[in-house]
């Protein structure tokens, strides 16, 4: 039984970790960390957990926790994980960080886009970008995983095979992304109130969203050249789900079958990536509650572009599910353990 | 492995059966019945099932199915199950009927409220009303289960202990119920279109809803006297969930602890009924996707009434989950097998 | 041109006042009061007002405002209006208070249910309860109007004719109410976040909601005897709208036509009360954005009860629209001026 | 008083015409056309109109109507208006067609994208594309107006000034559009049911949506060269609103002030186009119920692109409001008559 601690267990991603781990055969949560609710029973914060979790929320105490847990998930604000990281911790336990602290290898890019100093850049090199479909081997032996962002997971998985195979122009990529509101977190802000989000759609972080350099760094690495792209996230009145609609110029004419063949060869063996039948557009409702990413594409010979679509649950494959997938790999378990969640509809 | 057939597998309740049974260790679906989509792959109707279900939808053919299946779920319109029922079927297989055909023991009541003739009243006596918390023993050996309606399940479980213990006036019961829209089914009607349901709440079937006599029959049986009550359902702009708010006059003064004691004694051992802590109101979000019914009550000495609240997922405990619970009991399995679903939030 | 000031103009009710008054021919807003946003342009808080309102938000300064405005709307938290009220203000201007400070005539009831001391009880007697359909004459000459609560407006108008005509038992009234989320205000609270409200319905304030004594006081006055009732509000995932479902025992048998006749005689001349055709249930979608209250009823001879339904927009007839209706009456204008708003659907 | 007939008055656009025209001082609806509901009172189809409209729905009868009405709005399926058009009608009355029949000047393009034969191509040349901000002068004397599509209105108004001024590359335009569900009409289809649309976002008509050639034709005309672009619409779980997010390559470096200056010079005098303050993104909630289009842009020097955002109510400026704006121009009225609708929020 893997003993697991969660720092930040009362955010939406933290709670989703709890939901998934409660249904996982090989893991046991020993620490429900929460700065805000440390005096409360966990189920008082999330009544769905009544009679399922009887523990109290605990103040963070990384050193004690590191000595007790085989693995710690940090589902915390940017900067926190970097601020507490040290060799003593990593020599005692493993860390899967759901924040962005170790996602960007280039510290200048991190500090520019996030506007904070990185407190422990010495671990950047060691940290593995935890996207199993790309980095499965490195994840196996990692001590420190940078769990990918929600938008980057959906974007990279949808686009990277085409880039790697050289069929799209790396300078032409535009990603128009749409997310449910759980991605905005559980902080009490006017802009996230029901009446402000409901019956509305808006773009935000236009040309400045922090997931842009993360997507670019990964795609650049795949493409073997610098990729700069346009990324625009939008807030959608729904709880869960991310849809990305990506556009790129085709380098040369290509048939549906040829592109299909590329996707199939990359994803045939990937349990969590579903390349849909021809003509079926990914929709967020079909992946809700599950760890799947649904992908498809449309060729548009008129404009010489390809339109790539990807859909995923932002809290599962975009956060907690992927973190558990990484855990499974790190501990030599079946990669799908606890993650064969059938999407819930409607 | 129990071989299971589903007639009406492409309605919302049918699809929820599929979702639950795919995660059930002892059951295997061998027949995805669907009159409307018999030419299609099941996943073409519900894309969430892509790569999870590869079967085609099948025309109904009860006799063939009865010879192959250990159990048939009928998630069909009123009247269908009664119309095809005969001894030959019940001697070959077991039936859990999710429609109302065998719920009401009094055929006159059935025909009056449903406005159709009952085609096989000879099985009414044999059919067991499949509410495990009331009828667990009879379910064990039943061949034909009348799976309770969604509103009745939530209403009866919330109210019956108080009635049985004689602390409320049977003539004073009022149930004001609220349901998500999946309860209205997947039929293409203008009144169920997104723009008609969204940003709206309405009552329907006022003083005439068909679940009224079902609740009354069960509560009368518990009370040992005829119970007539007011029942008003409302349509709420959400996918899943039922909340009932029930009102009754207290026969005499009673303390919180005394009422609490009653609920505890009835439900302490019931896995799927959660009596919440004092002061916590049941909310549908905390049971979504799970088989739980959350119950609580508030005493109002000013008006000498008790207000009873119950929340549940209409597609799980209100339909498919309860059906699987019945199956588990009928086949001697752990009652919770496949049903330890952690509620999904948000 | 009536010069109008709004204290609390950046709450939802305050903003709705602005929307309505901008389309009113005889009123001009001269003061956009806001404690929270006093440094901002009004349209920066509500971008719908871009190019419609160019004013800055102003700190509250009742004395200056009272000397400039013919009328002040206070759309402020409980206790504020009572705390600043004095004769000097009322001798200079008129006040329509959208808070509860002057709604309850019995100061003990106020202090018990609201848990605060009343700072200016000397004005309670003078204050007129601003429900035009009941108190039109007193409103005409009032200096201080207690604008009714949203739930009380809908409840009282739906029920009072039956009580006044003596056809229902005053001890048997139960009001089960459902409200959209704008009724919870624009405060940044976790419980009002999109993901907490969406896909959920819950009761709150069971047997303890502050609108209970307000409804009781008004209905008692109508009935000529003390009325105590059960009132349970629910939060519905929609922006606007209130639906009340009320239950009462009929004192004696009565026909549809007789009840209909009562409603017609009370409301035939009331522009803003629409008694619907037989069999049509009020729904919140049909009144959105308008000042209408839609009412209907169903007789249930089985239970000897009547079910009364009322629907209304909580921000219009339940707050800002009713306030403007009161203003129109106080200033001798056409009562419907600025309020002939056609309900917007979908 | 302009006498107005509406063919297709019971669709969402038709009903929005009714809402707007009821608040219009110079127009009177004399004909509520509806093929589906010809036996019913209009308010029975739309209960918001109870006590506001007492007329019955009428079968279509273009010749009688043309002899009685000064103007006919056709809010009908594609092909209908073309099928009934003839000189006798246009010599008796004016037509504003809300369908696509006369929007595309190139009949081959129409027949290819719509897949139907055009029944009256002889009127294509005469028909004026009713986008007042582009074609105000031609609209004044038109007999037949092709009222623009919702997506085209929002797209063209957002983009065309930049194209006309030559600052963006016409081959680089990508429009990623998002629409509320009222745009899908009131037809009873499974795909538009509440439970199918709620908690979901999807793209549809990828690289094949019929509004593509309409946008291209208008932008080509503005640019003086053939424009081909990518257009992807998405369905958003909300009733009203369209947001477009457009991307284009800048031909050369340009400052915020220079682009701003272009937008200001085009729209300073346009009442219904609001160019927002720097840094404020258009959101659909701020225009709901109104005839405004809100526009803004972000320069992205990293990618040498400009991101252009436009938000609008699809039923108002995207359909009924624009139609009334055209009517006002055609009849020499104040262009804003009946259209100074303050956006309703929340």
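Order of writing sets the labels: A, B, C and D. Residues in every chain begin at 1.
One rule holds for everything that comes next: a contact is a pair of C-beta atoms (placed from the backbone, for glycine too) under 8 Å apart; a residue touches a chain by one contact, two chains touch by 3 or more.
This is a predicted model, so every value here is computed, not measured.
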Which of C-D and A-C has more C-beta pairs touching across its chains: C-D
Centroid comparison with chain C (C-alpha atoms), farthest chain: A
Averaged-CA centre spacing for the pair chain D and chain C, given as whole angstrom: 37
Where chain B and chain C are represented by their mean Cα positions, the distance between them in whole Å: 38
Geometric centre distance via CA averages, chain C-chain A, whole Å: 46
Residue numbers of chain C (touch at least two other chains): 12, 182, 195-196, 198-199, 237-240, 283, 285, 288, 346
Chain A partner contacts - residues on chain D that touch it in the complex: 174, 176, 178, 180, 195-196, 198-204, 206-207, 228-230, 232, 234, 236-241, 243, 245, 247, 281-285, 288, 298-300, 302-303, 305, 307, 309, 311, 346
Residue numbers on chain B that touch chain D, as the complex places them: 12, 181-182, 186, 188-190, 192-199, 237-239
Contacting residues of chain B [partner chain A, same complex]: 12, 15, 19, 22-23, 46-52, 182, 199, 239-240, 274, 276-277, 280, 283, 285-290, 294, 340, 342-346
